[in-house]
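Reading through the structure tokens given below for one structure.
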Amino acid sequence: MNWQEHLPALILAIPLLGAFATPLFSLGGKTLRNVWMVSISFLTLVLAFFIWKYVGANGVMVYVMGAEKATLALPSGMTYPVRIILEIDGMSAFMALAGSIVSFAGAVYSVQFMDRFTGMNRFTSLYFLLTAGMLGLMITGDLFNFFVFLEIASVASFGLIAFWRDKPEAIEASFKYMLISQLSAMMVLIAIGTLYGRYNVLNMAGVASMLHLGFAEKFVLAFLVVALATKCGTFPMHMWMPDAYAEAPAGVTCLLVAVSQASLYGLMRVCFSLYGATIGSTFIPWVIVIFGTASMFFGVSMAVVQHEVKRLMGYHSISQVGYMLLGLGVGLLALGNPQAMADYGFTAIKGGVYHIFNYTMYKALLFLTAGALYYATGTRDLDKLGGLARKMPYTTFMFAIAAAAISGLPPFNGFVSKLLIYESVFAVHPFFTVAALVTSILTLASFVKVFQTAFLGPEKACFATVKEVPTSMIMGMAILTLAIVLLTLFPTWVLSNLVEPAAKALVDQGGYIGAIMGGGL
Amino acid sequence: MWNKVFTGFGYWDVISWLIFFFIASFFALWLRSIGRRDYKEGTEQDEIYWSGNPVPEDGAEISVPASSSYWGFRKALEPYYKVLVAMHSGHIRDYVGYYVVTAALIAALILVV
Amino acid sequence: MRLEKYLEILPKSLWVMTCNSGSCNGCDIEIVATISPRYDIERFGMKLVGTPRHADVLVVTGPVTKYMKDRLLRIYHQIPDPKVVVVVGNCGASGDVFYKSYNLEGPVDNIIPVDVYVHGCPPRPEAIIEGVAKAVLKLEAKREELLKAGVEK
Amino acid sequence: MIGNAPFLIVGVLFLMGLIAVLTEKNLVKIAIGVSIIESATNMFLIALGYRSGGAIPVRFLAGGEKLMVLPTPQALTLTAIVIAMATTALMLSLIMLLYRHYGTLNIDEIRRLRG
């Protein structure tokens, strides 16, 4: 038996095992629990890497839960799949890789970051539950299973955002996120139910193979787009995002970034794989483009005036998600038209997909450095911070790299993906490029502000005893810094080996359906 | 691995940028190296200029707080920021309202368009 | 001063720091007049700078009040060598109508060594320009001295 | 048509829940609104469970030539109820903590995070 065909189940089982076995291991003391935490997340990373290798070599990976033969989606005599099927194409593997890198960095970071607090076994459990939810969102091929993982990720993140429950703001942020999140989850469930009512199938590929755009399908599309756009934080529904990101512990915020990317992945899966070219007859591509532009611009203009470092970064998340929505929305616009697809559409999708990876890396790193500031000084208020560059040289260095990358300063990786987006979006309308450029400049401006006020400037007397953060926190940040530097130095390799398979898999609706329905499209 | 990234309209080459970066940093360091070193250390010439006043011991008194940066930008765009900050009111019902209105708008428009 | 090895013109373009040590602002207005388009001393390479670190010349206006004495001394010490002090206006030169006033620390030359006096209340812009032009000669003489003493490399 | 009555009720329930979330000031009432929305969703799933012309999804009662309806919606509903239970419990515990910190259940006074 080929062990590699069980990888999709393993990548869900390992974090879940990590979550539920944590109380057992925390009986053995702090060290054992920390070793358990780091090793499980490292194992997840290794599995994600194997999945990515396997998908890159062998194409779409299918795993049927509970069947005799794991790769047989349609046993003889069946016309449509009934079991829960995990389906991993290039895009899923790509997202799982990005998510598990961030999860590993966050786990390494949290070992000493959360050392001051009690309740670490609950923290560890929830952390792995969140990881499992995120990976499940990325690799599932079943609509209801998607909802279940969405809820697992949501519940775990509610708990983690409110982890510092002695802080009223944390509870408030968690409650706000919970209300919005529950509403959108219920809308997702109604949409899924409607699709089931129409087609009797819950499998994404199965629904996609039969889908024709009618009244109900349009409603479903609107519901899914709005709900998932809310979960990944687009402009009019983004208000939970800065609150939640600012109040969660830093290691969790770093993972929440990846979870919001999982929701973005869900949105793209719905648009590209579920609806495919039929989406061109609705105005949803334009909705996504407009969502993207609005989130980009309004997010960053709110970020410029913030003076709390994690809240500022939370607003930047909104604007960076806008970039991806813009790139992928332009790709959706070009989806039905082979000429436009070749001209600019595929480049836009590549830019959007590449930006997902870059964003996950540098935004996670930024949140970790903000957490390091909080750990060292005990405050997040930029008005109070200052002169920390000499005290915390490693943090400063890594913050500078991440800030340059997020602002799209050449030669960092953020620039490459932004360049792809700028140039392809220009073909649709120059206005979008202008908006993206202005956003980039304002991003730079606000990070110059953070760098200048937190790290540069004269040393303050109240921070005279500040030391560099402990080793595990530096290690956690260094993992992401290394990823950023590698992405910077080898953009061609990354584009052709990492991004292009993902973008191709996203566009290739026939391949996604064919892997399950046996080419029955 | 070291090739250019073609975007369809132009290209991106990380090596040429790194070379440019090294040339630029060479010039910057050269200019820095020909600066004057003949100031007297340990005297007033070592201190920062604080309008002639004695320099405070605590750095907190002479640093610009983050709220003060980009004051002009904020002032110039005050009407815009008034609306935008008012949107982020902190009322959870407002947030749910935006969500519901957006969902209703898109769900209604998708049937028309 | 290694950049000046390559560029002969640099020592002749004076950068000026002004310090108002209690004047009535009349002299300052005349100094502003010299940088306005009619006289425009920036064509000679002279300009007003905001920090003593960049300056060659310190222009002082006004008699030195008790409060300003420390500040004037500090600014004077912060200017890199060689430096020239130009006093603009009668107040700084002699105290003028504030002579022997209770809150004066005396004219400028009681506090710091002065090289050029420009008289007038306020002096005409032409006079100020002539004073600064004399400062160029003084500055070159001081630089020669410093070179001879071996302070500058 | 009487067959559509469940869907009508679902719509009414969903709107009721939304109105409760949008207009009520009390945190507990908002939680109740969310629960109503969840109930509406569950009812929607249940209402999808039967197809006209099909047999009920219990194997030994499904007699004759009729095709059996898939029991999937029931399974979905049970899962959704369990998840809704977990979130409701978490929401109520958060409300408790909010009351402890802010000393009020009025949602308008719980707005430290703004701007």
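A, B, C and D label the chains in the order they appear, each numbered from 1.
Assume a contact is a pair of C-beta atoms (placed from the backbone, for glycine too) under 8 Å apart; a residue touches a chain by one contact, two chains touch by 3 or more.
These figures come from a predicted structure and were not determined experimentally.
Enquirer: Sort out for me whether A-B or A-D is joined by the greater number of C-beta contact pairs.
Expert: By the number of C-beta pairs in contact, the winner is A-B.
Enquirer: I'd like the Å distance between the centres of subunit C and subunit D, where a centre is the mean of that chain's Cα atoms.
Expert: So the centroids are 81 Å from each other.
Enquirer: Quick one: report the Å distance separating subunit A from subunit D, using the average Cα coordinate of each chain.
Expert: Comparing mean C-alpha positions, subunit D is 27 Å from subunit A.
Enquirer: When the C-alpha atoms of subunit A and subunit B are each averaged to a single point, how far apart are the two points in Å?
Expert: Centre separation, subunit A to subunit B: 24 Å.
Enquirer: Any idea how many Å lie between the Cα centroids of subunit B and subunit D?
Expert: It comes to 45 Å between the two C-alpha centres.
Enquirer: Touching two or more other chains, which residues of subunit B qualify?
Expert: In subunit B, residues 85, 88, 92, 96, 100 touch at least two other chains, as defined above.
Enquirer: Check each residue of subunit A and list the ones that touch at least two other chains.
Expert: Answer for subunit A, listing residues that touch two or more other chains: 175-176, 179, 183.
Enquirer: What positions in subunit C touch 2 or more of the other chains?
Expert: none
Enquirer: Using the contact rule from the top, write out all pairs of chains that touch.
Expert: Every pair of chains meeting the touch criterion: A-B, A-D, B-C, B-D.
Enquirer: Please give the residue numbers of subunit A that touch subunit D in the complex, ascending.
Expert: Counting only subunit A, the residues touching subunit D are 82, 144, 147-148, 151, 154-155, 158-159, 162, 165, 168-169, 171-176, 178-179, 182-183, 186, 189-190, 193, 196-197, 200, 202, 242-243, 246-247, 306.
Enquirer: Can you list the subunit D residues touching subunit A in their complex?
Expert: Touch residues, subunit D against subunit A: 14, 18, 21, 27, 30, 34, 37-38, 40-41, 44-45, 48, 70, 72-73, 76, 79-80, 83, 86-87, 90-91, 94-95, 97-98, 101-102, 110-113, 115.
Enquirer: Quick one: which bits of subunit C touch subunit B in the complex? Just the residue numbers, please.
Expert: 1-3, 19, 51-53, 70-72, 74-75, 77-81, 151-153
Enquirer: Given the complex with subunit B, which residues does subunit D contribute to the contact?
Expert: 18, 21-23, 30, 107-108, 110-115
Enquirer: Touching residues of subunit B toward subunit D in the complex: what are they?
Expert: Residues in contact with subunit D: 85, 88-93, 96-97, 100.
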